[in-house]
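Shared between the two complexes below is subunit A, which pairs with subunit B and subunit C, respectively.
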Partner chain A sequence: MEKENKVLPYLMMLPSILLMSLVVIYPIIMGVITSFQQQESGGYGFENYRYFFENDYHTTGIWYTLKIVVITVVAAIAISYLLAIFLRFSNTPISRLMGKLYILPRFIPALVAVNGMITVIRDSGLINRISQVFGYNLHLNMMYDEKGIILMNLWFNIPFATMMISAALSAINDSEVEAMRDVSASKTMIFTNLILPLTYRDVFVAATFIFMSNISSFTTPYLMGATYPKMMGVTLFDLYNNFHYGRAAALSVIMFLFSSVAASIYIYINMRKDKWEVGR
Partner chain B sequence: MTKLAKKLIAVGLLGGLMITTFTGCSSSSSSDSKTVTIWAQGSDNTKMQLEAQAERFNEIQDEYEAKVEFIITGTGTQGVNERVLAAYKAGQTDTMYDLIEIDDGKISGLLAQDAEDLFLEIDKSQLSNHINCRYEPSDSAEYMVPYRGTTVLLAYNSNTVPNPPSTMDELYQWIKDNPGRFAYNPPNSGGAGASFVVATVYNQMEESALTSSDESNKQYWDAGFEILADLHPYMYQSSGKVVYPNKNQGTMDILASREIDMTPVWADMFISQQGLGTMPSEMKVTQIDPPLTGNLVGFSIPSIGSNSEGALAFINYMLSAEAQNIALESMAALPVIDFGLLDPEAIKSIETLDVKEFRNSSLGTLQTELYDKWDMDIAPLN
Partner chain C sequence: MKLQVKNVEKLYGNGDGIRDINLDIEEGELLTLLGPSGCGKSTILRTLGGFISIDKGQILIDGKEVHNLPPEKRSTAMVFQSYNLWPHMTIFENLAFGLKIKKVPKAEMSKRIENMLKLVGMIDHIKKYPTQLSGGQQQRIAIARALLLEPTVLLLDEPFSALDAKIRVQMREELKQIQQSLNMTVVFVTHDQEEAMAVSDRIVVMNKGVIEQIGSPTEIYDNPTTRYVATFIGEMNFLKNTDGTTLAVRPEDVVINADNADTSIEGIIKTIMILGHYTSISMEVGDTTVHAYVPRLKANKFSINDKVSISFIKYYTYN
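After this line comes the complex of A and B, so read on.
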């Protein structure tokens, strides 16, 4: 057997590490430094951070962002899990059609999808017009509100989460399910004792990805959100455009910290091995 | 070991090659002395106009080749001004930012970012067509040559509002008499709403304050903000809450869908969209007294550009009667030269707009503070 070259793998990784350092790691370090820099005096301190936590306008915005993101994650995962199970274990024309259709939103550009959603759900939108045909004047009250943002987030994230969970479910053999049925296990038992242990890891991975991509979202809340409170991504845009670079950097770091919490859950879940998995 | 050394050298060379390729890109493309790269941002109508201008400029002379780089706002990318500032701060000296289109209100804010020599001073005696230019920016005039004016007007639904208000006070009264039927966009998200806010605040002050960046003027802002706070409950509502839709287009959309009857709009956006048919024909525009404010838009030459002669030649072209006609026809831009020099047919399109009186606002660095104050004081009201 040829001796394993210990240096070669590192050499092969070198170009991507160099590139990462240049376009990701270096800007992160610079961002953190800028966040401690005071714009007026040029000195260093926590002033930019204090600004966000001593100002009701911004604390409300941060809580508002977290609320929307948490609701998005929980709802997207719940719906996607059910959808993925349905697609995996049902074999009807409807499930086959849905299996092809659910992926469609991923091919529609974000801006187009947001504008499309707006024309449907706004108070003078398609749904309102249809209701007028039947003599009602239905106002969904979803535009410029967190409900609209969450609906739009679900549109973007359900296909993604369903795809990830479906991949995990496809690893379960029909024979394993049949084996449990043979010993007269109920559907709940099949779920808790077979499906859940085999898929929970992918569910968490999907959840962390949804969390991280939504905490910094911009287009949806900018076009569909209320004037106040604002999601963090929109506030960041405003701060940057008005030359408050130190504060913008501090808010970026705050967003980064929230994402890091999600990322550490991701890493923990991935590293951890269940008892039955040891040696697998 | 020698094998390993060879590999290391190879990778090192590869890395070096990558770096030189990256830097090579930026310098080789800007060293072409003929090309003048013009940067601008905004809505599509501005893009069409500038591209038409560049094409014509390239037809009538051979010395320079104009190229337009355009950034559509609201797509998440950073604007031109911030990019130029970033390049300047990064110590670049030979960039493709030869010429940028800029609002007169923006310049002093950029210079205040510890970037006093961000722009070249423009010697206007070198511009043969400048003699016809009727407007001068009130602030930082040495760094900018205006080529068009834009103004904000009051758009209204002529079916539901047969007699639109003619003064600002009548407008305030109309808003209170018709709750939920008026909207303006947050000043940070677009100039139409900003103009309504600036006019409301500065109508309560000396007229000269409107073109001053004097910090002491801030103490007189409160009267105007009281009016804005007073109007707040009568604004457009959705989900039972007052909403100020983002972007100039945000309020135009709800006017077009008849959710509101009145909103401030940019004259050029309104005309373009009525031409396209996305703004229904019963929507009309009018100017009120004292007028909603406008801006001068012009060109500045970043000191880090690589073709200042070409930039000057393009500015001079933009002040010619021909270029002014193109701007007028393609985006209903207000000309900065004598109307007598222009195509009388084209003038008609803006005469109906009643924008003869052009009220320029230029608050410099105060503008940002005013918008921030609106975010803090007006947006969170319930």
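After this line comes the complex of A and C, so read on.
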């Protein structure tokens, strides 16, 4: 009887373990192996990795990607934080309406959203035409440029980050804020002494999520980006289409390593419990 | 006069709110705003603290207008029903925060915090976090934090209503003691009439945004001026008179006589409940039920289904 009980849980887990191995673990291992296979000499080595770091075209692409992602993370978090604070503490018809609308972009398919944005911001787009009505000929110069990509990233990520930060803010009670006002704390003091310490964890979590999902983004840079420099996701697509499987695998591993930095921050923050949270 | 409220009005979009609020609160007085939920008692308290703006009228503290000032500029301090303490700060940090803003020197600050914690009996918990304390202990700290700011008026918004019955009784006794020893002016909001009777110098009975009656606990209990107050404070029997008015009698003012006595009201005993030092007897009188509190020894001579006649020591008539 007891022996049966020990085996049973493993048996029950077996299907999912097999499935995981087949569709996740096996491709990862194969990908890592492939990334070390040298196309010309046939053996194993760092040739595929060296290709990215000894080639200005690709180092520029990597830095370009990181730059766009970091700007996206910082801008999305800053805007979302302000928006979430506004939604939480302002009780006006406008804030209530915004509270209902801000999530809307998440329901619009990415391709539709990107194409929609292109028709608005391109140099012959909606904004240009509106400017012509007023006698100007405004060119935003946002297409085929990092500005367009960042704008689009914000469209996708602000609703998500606002949602996460809003959840954290809703855990702060009105009386906790009012008690601070009551002891003569200014708005800045309330932010630094109450709101920030009670929400910084969720802000970091949102930031790591945004970082991870944008480091490998493809749709937006493919449709809106320039031919040079390219974001890593687009480069990966090019390499794969041109049968450079080893290099594509190496680039995947590099992207994975960037993501795992964010992932470790995420895990560290989630594991860490502040002393005051014990029993909360 | 410590605190004056003159013709204050605050109405919300849905018609709720407070109207014609006039209060004069003396220094060292403990005034209670009493009423059911939605009667506007918390709204009044929050206008005093500056958390709600008023549409009309004036609020004066020590003769100075304060109704246009935000909470951070008022010399009042408020204790809320719950979630008073900042969860990420220790008890010491919670108490020190306001003093730091007031730029109290460090040595003096520590001394004042320790003295205050001794006053509320919480000195052993100085290094703990709020979550490590019980609800009652947290409210003690919340009161200590408010008192440390040396407010001109202390505002308490149902501070004990989230606590167990036993702790609640203990806390209100402690509050009364502290209030008297510091000669604090306190405005206290509660929906619990027993709590109001126990702690107050004066009670303000509220109904649907207006004041129904103001008076000492004895005045309110002995002379409820309206039927609403009579219903809300203590136990009361209501009997319809033939002329359409209503007769109100407290159970302790009902005298039960043997059936042959010469009174006009007759009843039949339905239940007899022994409640410690007295007995509660309920009787069927016409189509209503009348309750009477009778001393144990006198109650012994009655049993269920006895026909009795009743008279009243004292009663009130309402339209």
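Following the convention adopted for this analysis, the second predicted complex is superposed on the first by the 259 of 280 C-alpha atoms of A that agree within 3 Å, B and C clash if a C-alpha of one lies under 4 Å from a C-alpha of the other, contacts with A are read in each partner's own complex, and residues count from 1 in each chain.
Going forward, a contact is a pair of C-beta atoms (placed from the backbone, for glycine too) under 8 Å apart; a residue touches a chain by one contact, two chains touch by 3 or more.
The model shown is predicted, which means the values in this text are computed figures rather than measured ones.
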Between subunit B (first) and subunit C (second), which, if any, makes contact with A:198: first, second, both or neither? second
Is A:7 touching anything from subunit B or subunit C once the two structures are fitted on A? First, second, both or neither. first
Of the two partner chains, subunit B (first) and subunit C (second), which one does A:51 touch, if any: first, second, both, or neither? neither
Could you say whether A:256 touches subunit B, subunit C, both of them, or neither, answering first, second, both or neither? neither
Who does A:124 touch here: subunit B (first), subunit C (second), both, or neither? first
Once chain A of both complexes is superposed, is A:183 in touch with subunit B (first), subunit C (second), both, or neither? second
In the overlay, answer first, second, both or neither for which of subunit B and subunit C A:15 touches. first
Contacts of A:241 with subunit B and subunit C, given as first, second, both or neither: first
Which touches a greater number of subunit A residues, subunit B or subunit C? B
List the residues on subunit A that touch subunit C in their complex, please. 173, 175-176, 178-186, 189, 193-194, 197-198, 274-280
Mind listing the subunit C positions that touch subunit A in their complex? 49, 51, 70-73, 76-78, 80-90, 97-98, 101-102, 129-132, 142, 145-146, 149
Under the definition above, what is the set of subunit B residues touching subunit A in their complex? 4, 7-8, 11, 14-15, 18, 74-76, 78-79, 82, 109, 113, 186, 188, 238-247, 250, 254, 257-259, 368, 371-372, 375-376, 379-380
Residue set of subunit A touching subunit B in the complex reads 7-8, 11, 14-15, 18, 56-57, 60, 111, 122-125, 141-145, 147, 218-219, 222-223, 225-229, 238, 240-243
